[in-house]
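Across the two complexes that follow, subunit A remains constant while its partner is subunit B and subsequently subunit C.
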Partner chain A sequence: MSRAGIRVYLQVYKTQIIRSMTYKFEVYGNILMQSIIMLASAYFWKALFKNSDTVKGVDVDTMLIYTVVSAMISVVLTCNVERRIMTSVDKGTIAIDMMRPVNVFGVFLAEDIAGITALVFQNMLPILVIGCLFIKLPTPAGPAHFALFLVSLFMAFWINWLIACMFGMIAFWTLNMDALIQVKKHLIRLLSGSIIPLWFFPAWLRNILEWLPFAYLYQLPLDLYIGKYPVSSAQCQRGLCVQLLWLVLLTMGFLFLQKRVTSKVMIQGG
Partner chain B sequence: MEQEKVVIEVNHICKQYKVLKKGEGIKGALKGLVTRESRLVPAVDDLSFQIKAGEIVGFIGPNGAGKSTTIKMMSGILTPTSGEILINGMDIQKKRKEVVRNIGVIFGQRSQLNWDLRLGESYELLRHIYQIDKAQYEETLDVMDQILGIKELLDKPVRQMSLGQRVKGDLVAAMLHSPDVLFLDEPTIGLDISSKYALRKFVKEINEKRKTTIILTTHDLADIEQLCDRLIIINHGHLMEDGNLSEIVNRIAPYKTLVVEYYDEYAPEHDKCELCFHEENVAKYRFGKKEITAARLIEELSAKAQIKDVSIEEAGIDDIIRVAYGQ
Partner chain C sequence: MKLLRELFHYLDVTAANIKIAFLSIIEYPANIIGWLLSNPIQFLVGFATIQFVVNEFGAINGWNYGQLAFLYGLSVISHALSMIFFVNGWFMGWWVLDGEFDRMLTRPMSVVYQFFFTNINIFGITDLVPGVIVFAYGCQKIGFCFTLANVFQILVLLVGATLIRGGVYLILGSTSFWTRSAIDFGAFTQELFDKTTMYPISMYPEAFQFILTYIIPIGWVSFYPVSGLLGIENGLANGQVATWITLFAGILTMLVAAGFFKLGLRRYESAGN
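What follows is the complex of A and B.
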């Protein structure tokens, strides 16, 4: 990538951060929603663990940490790229966006990263404070676990963004995608471990989910954070490998779709 | 001389769109998913022309003639099925990235501005995308401010702008990187009078001040009358006419119209001209300049009925369009 290209993305990032910082209303709504889900989950787990010290090898304190960190991860996994693509296809401006001497998807990515940066301050910190006050201080299992958590979270961000971007690209073929996006959102919420850890699922379902990308958005980073498995364990290594595999696959899928979309616009006129 | 330099050269371009055949009902839809039958819709068929530096060319034709398709191909958005387009001597297909830097394009009713940003933020972004240095950017903004008064809008969020303000914003956005060529596809459609006026002023002045070559499509005859020296008329993707406005008028509409107001409702016919309009006391006669003179026609008509008033209309663009479109 050229220096000029990077400068464009930095400019996008800068502009978008300033903009995101001024969008107050949405932000408060988000904090409220996240906090309610987080607090409700915490009470649910406390009730569940009333009669037993550990369930599935995890104690109640760990489960509370899980809840708080999951809410914080959700900030890193927010993106707007689907809607961005849909509106520019809808408005018919995507062709000109793609004609500019800069990669339009790079611009969308920079916008999303800027949005997340703003949300770290506007959402993640308030959630952390609320979590600490009312639930528990979420300390990681150890330095090695925390380091792997960061690696895995980074990959989770990319997997999430690539899936969203490819979903958005479907808009080039069919315009009405709102239902599809809703389905995807709920699938992720349910099957990623964001609310209920996958260990509570029946074995057959777990075996399937282990090979789908959803678990690598929340479950794997969370397992690493709470230290569900030792750092050197096979589960740990296999998890990170499958996550990396998904990252590679999705990147290839993205590059393929990007090519298809570009040639569709150039030949079919959008 | 600068005027002689060819900026745009279009050589035998064709464009066919591939359209998927849609079956009927659910059965047809399912079948369509599997077989994907398609047919080709011809939009542009063997079009060639050249445009010189500093020209303002009106690109006209009825709906579906292929105007937008041609504009998209010339601005690098759409790939021609065959043929080539050279901008400043460079093939737009082969050197797209380079060529595109020299092109500005505006599609009426499709704002390119980001609704979530302030106008100035959008411009700052474009400045980075096209790598325009600060000094040149400021200079362009100064020029644009003189023409459109754009500076007072820079801090305004695009979302809150009126249509007229957004049009101004789009015009400046398309000119920020100082392109040699500007394409405008139906830029005045849906605009109020004062925005139309601003747009025409803009086109005239950037053409004068920056020597920008401008190609515009429009259905508004006033746009053409006030802006264009040259017309290219297409229909069904074919070139119908290409030339100087008055030259085309003289050639394909070599007639005038005599408007006569009688004292009576009776309007006599005349064998050397066509009675093309008659309502109440007013009649219009279209006559060829070679067939008969106006003085003679008035004289002969007044012998048959008493005339109150006369006036003469020159053939205009609407006449050429009627003839050229074959309506």
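What follows is the complex of A and C.
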């Protein structure tokens, strides 16, 4: 990528951060909502563990850490790219966006990374503080676990963004996808382990989910963080390998779709 | 006599509005199919995951999963009803900013009535589907008897619960008369209600329970009446009396909300400010 290109993306990044700072009430609302979800799950687990010490190899303290860290991960996995593509196609501005001398998807990515940067301060830190005060200090299982967690979280971010971006590209073929976006949101929320870990799911379902990309958004990073498996264990290595595999597959899918979409817009003019 | 005539007039208009709402399905058939997929998936998968966990642990605060399904199902049903009739409360900010109340203020009917009933959201029906499915599953699991008395109790409960939800939406929405901004309370309200009506609130700390019982009466949407109906100890209102308190709480919440709305409406200055 040329130096001028990078400068453009940096400029987009900066502008988007400034834009994110303007909606104050939305920020408070989000913190409040995230805290409700987090506190409710914490009490849910506390109530369940009232009569049992460990279930599926974890105790209540681990489950509380899981809850806090999951709420924090959700900040890293927020992206707006699907809606961005949808409105762009809807309003017909996509053709102009694509004519510009920078990759339009690069611009969307820069915007999303900027949004997340702003959210780290507006959302992740407040959640951490509230989590520490009312639930539990989320300490990782160990330095090696924490390092692997960061690697896995980095890949989770890309997987999430690529899925969202490709999903958004459906808008080039059908227009109204509000309902579809909701389906995707709920499925990811429930099948990724973000609220309820996949260890509690029946074996047949777990076996399927382990091969789908959703589990690699929340479940794997969280497992690494709480130290569900030893660092050198087969589960750990296999998990990271499958995650990498999905990253490669989705990148290839993205590049392919990007070409298709571009030629479609070129022919029809948006 | 005059009062009766007015009541009939309102019923007449309501019937016409419901008819129009149904016609709007024909207008956008693709939309309703989309929501028919999306809403049931949300609640059915949501319940399934809870069930996996409760299966593992046996029960949550003395509620087994048949009873939880009963609670969850009824909660989703009253949610669906509130979506059909009262969802506009979520978007009140836009109504205030766009000066939409001008039109209603010129008409001879109650503004609160017009606000809710001229825009019945028939798509809320798609939420009813998963509610009924989970509820039926729960009934079957715990062997619930559909005697006439029980059916009556459930109807009273649903009316009360829907009114409580609608009242809370209206109170939150009415704050836009003062803030004059278009805040979307939707996601926030849904999250709050989901967490407090789909699980027994006895799992929360006592201070929360107190607020949910006496200050914001969300506990009466599902927890108290359902535990009353199923004979689970809730420490406050057992038996059928809980259902009647729900109805009372619903009417009271709606009256307070309507009063608050009217107070706000006095500050309303149409669009452009």
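In the analysis below, the second predicted complex is superposed on the first by the 270 of 270 C-alpha atoms of A that agree within 3 Å, B and C clash if a C-alpha of one lies under 4 Å from a C-alpha of the other, contacts with A are read in each partner's own complex, and residues count from 1 in each chain.
What we mean here is this: contacts are C-beta pairs under 8 Å (C-beta built on N, C-alpha and C of every residue); 3 or more make two chains touch, one makes a residue touch a chain.
Remember, it's a predicted structure, so these values are computed and weren't measured experimentally.
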Superposition on subunit A - do subunit B and subunit C clash or fit: fit
Vertex subunit A angle, Cα centres of subunit C and subunit B, expressed to the nearest 10 degrees: 90
Partner chain in contact with A:Ile96 - subunit B first, subunit C second, else both or neither: first
Contacts of A:Thr15 with subunit B and subunit C, given as first, second, both or neither: first
Touched partner set for A:Gln235, first subunit B, second subunit C, both or neither: neither
Touched partner set for A:Val265, first subunit B, second subunit C, both or neither: first
Touching partner for A:Gly29 - first (subunit B), second (subunit C), both, neither: second
Subunit B or subunit C, by number of subunit A residues touched: C
Which of subunit B and subunit C A:Asn207 touches, first, second, both or neither: neither
Contacts of A:Ala4 with subunit B and subunit C, given as first, second, both or neither: first
Superposed arrangement (fit on chain A Cα atoms) - minimum subunit B/subunit C Cα distance in Å: 12
Subunit C to subunit A touching residues, read off their complex: 30-31, 34-35, 37-39, 41-42, 45-46, 49-50, 52-54, 56-58, 60-61, 181, 183, 187-188, 191-192, 195-196, 199, 203-205
Residues on subunit A engaged by subunit B in the complex (per definition of touch): 4, 7-8, 11-12, 15, 18-19, 91-93, 95-97, 99-102, 265-269
Contact set on subunit A toward subunit C in their complex: 25, 29, 32-33, 36-37, 40, 43-44, 46-52, 55-56, 176-180, 182-183, 186-187, 190-191, 195-196, 200-202
Residues of subunit B that touch subunit A when the two form their complex: 17-18, 69, 72, 75-79, 97, 100-101, 105, 107, 110-112, 116-117, 121, 124-125, 128-131
